[in-house]
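Below are two complexes that have subunit A in common, paired first with subunit B and then with subunit C.
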Partner chain A sequence: MNFGRLLRSAPTLWGLAGFLVVLAVWGPWIPTFVLTLLINLLLFASLAYSMNFIAGLTGYVSFGHVVFMGTGAYAWGYVVGTFGWHPLAGIVAGAAVGLVLALGIGSVALRFRGVYFAIATLVTALAARNIILVIPALGDGQGIILNLGFEPLTWFYTIWVILGIQVGLTYWVTHGRIGYGLRAIKSDEDAAKALGVDAARLKLFVFAFSGLFAGAAGALNVWTLSGVFPEPAFDLLFSLQMLAMVIIGGMGTLLGPLLGAVAVYLPHNYFLTVAVGAEFIVIGILVTFFALVVPQGIVGALRRYVPTLRGIIE
Partner chain B sequence: MTITIAAVEVHKRFGGVLALRDVSISVAEGQVVGLIGPNGSGKSTLLNVMAGVERPTAGRVVLDGKRVDGLPAHRIVERGVAKTHQIPRPFLGMTTEDNVTVAALYGSWKVRDAGAAREQARKVLNLIGLDGQADALAASLTVQTRKRLEFGRAIATGARILLLDEIFAGLSPDELREAIRLFTHVQEEIGFGALVVEHVMPAVLTISEHVVVIEEGRKIAAGTPSEVVRDPNVIEAYLGTEAARAAT
Partner chain C sequence: MADASVIVAQVIFGLIRGILLGCVFALIALGLNLVWGIAKVVNIAHGELVMLGAYGAYFLNLFLGFNPLLTAPIDAALGLAAGLGFYFAILHRELRGKEAITLQSEMVTLVATFGLSLAISNLANIAFTGNFVGIPFDAGSIEIGFLQIPLAGIYVAVLSVVIISLTHVLLNRTYLGNAIRAYSQDIPAAKLMGINPTAVAAIGTGLAFAVTMAGGAFLTTLFPTGINPYMGALYAPISYVIVVLGGPGRMWGSLVGGLTLGIVIDVGQIFLGVEIAYAVAFLLLIPVLLLRPEGILR
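Let's look at the complex of A and B:
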């Protein structure tokens, strides 16, 4: 495919790529305060894209998604703290643990549909937290405290790379053969099977990506905190935040998770200094509004009400 | 090499209901077999068992000499057998063309490229006269058009044997004539075999070379259309004992 055609055929992808390139070039000059905010925003976006792979693309809502973040975080803490791995290698370890865990959980939980799937993943998250609490090598429930330096630029470029890969993969799985299969599954799984779609395999495939990236993001998150603690690592609010971002931005879309991340991160960060917890009122109202009024999220609403954007954003 | 699918001595139990008792039936590629029977007699259940949607409680399903009962539905599609739904189940948020494209991508043709699959889908839509609605959302289609889309999707999987569940139901006499003409044309063009479940007697009798009749899960008659309509068991099942006595 020639470059010009690709550019015209995938404006959203190129828009996102442009956004990322601007961030990368600007990176070294970003004031530290802004940089730390951006790192967190990109982290939220990364979690949103992770959730989008499963909830957005297949309609399987994973309430326990924080399990991948939490285990990714602990994997990072363990290899960095105990074996002295470089923190970047720790991110890879976090991603690998997320992937393996997703394959394990997914091959059982993805047999359940709807609320039963949501409950199955929720239970694994609660179980994983309680298991980690009693493992001596993982701090015996006290967490793992590390003393690593403040390296915002490294964190920034690390999350940048993770997010870049996610955007590319999201484009890849929403187009072509896999995209058709996923849309069919989301619409009517049994009818999809009746046309030859191997639904079990395709669901596990995207769930594996989902777990991998949540593991990587969870690892990066604790790197920026220089320590892993069981309660925040397995905080179920993360699962809800991830879902909120995807619902607000637009389930299964390419741009939606980023927009959803902005919509959730802004109130999150604002209320952090004003009234902790109040952000959930704002986020809750946003989610309710979108779920009831525009179930296709911001991207869906733009496509619906702004005809000129219809062929451009996805 | 033509393929054949056969249900052999199939039983199917749902809790207390014995939906199929010792039913055997077979369809070869190129052959059109009719399956008729009153409401609730087990026709859809038999199709589901053959398509891998349900497992038989006892008995076997044999495709091309190999046992396939117990295989998941998509594996059976891969081997060249596709089923339509009695109540159409299109992907509502997708266009007619995209619905058919899914079948072309994942069926037994194994078209990997989305562009080539869309090409195939358009050919199928042309063949079944739905090309005018290619870009319409499936949600906007009438029930009759959805039935035709079911048929189109099954064809687009590249199936060599189709299991068709009441695709002619609910048509006016004119529409029925037109639908039968289209079916015969497409069948001759592609040469697939078909097991056609139908309530509409004239439809089955015109298109089938062999007809099987089931009642309450049991096979009560089988033969050519003209043999079957004269069978006292069939007359009784359809019209009641009085009519059967009068006819003989």
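Let's look at the complex of A and C:
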């Protein structure tokens, strides 16, 4: 196998793989403080890749993605708290619940286009939060308190694995038959259907992935918080940040969600000690700017204005 | 279980409150409906406008002692200015010179206003602090048998219906209204008839913002301690549901949708509790979109 050719064929994928391998090898020696920051960064990146599956690849903007995070989190809390499952098995349960819910919501909501899809997902997330609040088995709105201890290295490798799978899947989905179908749907769904693209199935397929990973990430998020509480688990700001990351990084690209995650996470972390909520002013203005001036996001803009990068990043 | 007459009394009271609330909801949704119907822009920052309207009323009352009902025209004037500014700063970039507003443009403005909503609500949180505030305003109440209905609620409900009617007349009986409707139906044809698309879209956006901020001022009389920088996160989704229920671009639809939602929320609370009542109100959107995408009126 000619390694050089393989490297040239997918430089972005190998770059991301290299980045992940470096993180994995460095893992045990990372100072705890840096490790907690990295866990959160990878969590954000994982959420961004999850949103990228639906918003980036098909152009269907979802405002209610936190519903998968929230239900994944509650599934994790329920199996770990009530049945005493291992937290890692709980993550799988969270992913499974996210997947099933995505299939359910997707089979209805994906019939609506454009703004109607955005609004339908938004109200679904709000309604799901209100329903969870009154379910007695899930803590009656008080939440589920679990004290599982501080295990940053386990969290780190768990989110690492989730992110790794997402990057691989994004590459696989964009490079092949499915990718052509998705791009056709994104630019003109009616034309794509006329040409024989099974739009409903393809959309549901990527939406299911999206829900699965958001569920897993949501479960991991509450594991690091030692308990499931309705407000942080169903915080609509997560949905909005996921969307912001994909828009800033570049919709539907392989590298974009990671760049977007860094762009959203840095102000997030910086303003935490300065003024609560100030980060969202920066993020909000960035989103408006990108939507109006650079709709292709960072990756798209780089590809457009720096010709030498065109063959390298995607 | 409480006895039947108590429940009947509660339902009647819920119904009346729901109708009063529904009229104000309808006014707020009318603001969204106008931008949505005219310029095909779904303003995600709509809830933040309601919030700014409510804070406008609060500060005018706090510093100048204005009656919340009197603050509505001032709020509306501010909203008109904000709408014109918003159109030229944000929308004009995207809508300028377009012959028809495509799905792509809709998504661009959707995302841009979403960014604005995030920025405005958090800016307000820093500027106004996150505390819940309210306006002490008591216009007395009327009693019909066992029912006590606050007069302030009746005033704002009646004023809301009056404003909705005036908007209807403006859109259907005046030159400006015809121009606005022509723009929303077919831009090239409207231009051929000598209509300036930029002016029409800008005036429509300004009008929409004015109505929304006035609605925010009215809302303060119904919720005595409900003003908060993040209140928009509740009123924006309610407005989306109302507009979809009534059908985008139909002004009477907003009133029907608003009353439906007000009654579902206030009567539903009695039997289902607050959380589920709101969940039902939100989820009403899904069957309507599936079965009657043009709205329940027809």
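As a working rule, the second predicted complex is superposed on the first by the 309 of 314 C-alpha atoms of A that agree within 3 Å, B and C clash if a C-alpha of one lies under 4 Å from a C-alpha of the other, contacts with A are read in each partner's own complex, and residues count from 1 in each chain.
Keep in mind that, in the parts below, contacts are C-beta pairs under 8 Å (C-beta built on N, C-alpha and C of every residue); 3 or more make two chains touch, one makes a residue touch a chain.
Fair warning: this is a prediction, and the values are worked out from it, not measured in the lab.
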Query = Clash or fit: what happens to subunit B and subunit C when subunit A is overlaid?
reply = fit
Task = Name the contact category of A:Leu153: first (subunit B only), second (subunit C only), both, or neither.
result = neither
Ask   = Between subunit B (first) and subunit C (second), which does A:Asp190 come into contact with in this model arrangement: first, second, both, or neither?
value = first
Note = Geometry row: CA centre of subunit A as apex, subunit B and subunit C as ends, angle in degrees (steps of 10) is 80
Request  = See if subunit A has more residues touched by subunit B or by subunit C, and give me that chain.
outcome  = C
Task = Using the touch definition from the top, say if A:Leu243 reaches subunit B (first), subunit C (second), both or neither.
result = second
Inquiry  = On the A-aligned overlay, A:Val306 touches which partner chain: subunit B = first, subunit C = second, or both, or neither?
reply    = neither
Query = Looking at the superposed set of three chains, what is the minimum CA distance between subunit B and subunit C in Å?
reply = 12
Shared subunit A contacts, counted only where both subunit B and subunit C touch the same residue = none
Ask   = Which of the residues in subunit A come into contact with subunit C in the complex?
value = 59, 61, 63, 108-109, 111-116, 118-120, 122-124, 126-128, 130-131, 133-134, 141, 236, 240, 243-244, 247, 275-278, 280-281, 283-292, 295
Request  = Going by the contact rule at the top, pick out the subunit C residues touching subunit A in the complex.
outcome  = 42, 44, 90, 93-94, 103, 106-123, 125-126, 233, 237, 240-241, 244, 273, 275-276, 278-280, 282-283, 285-286, 289-290, 293
Ask   = Hey, which residues of subunit A end up touching subunit B in the complex?
value = 175-177, 179-181, 183-184, 187-188, 190-200
Query = Considering the complex alone, what residue numbers of subunit B touch subunit A?
reply = 51, 53, 72-74, 77-78, 82-83, 85, 89-94, 98, 101-103, 105-108, 112-114, 117, 153, 157
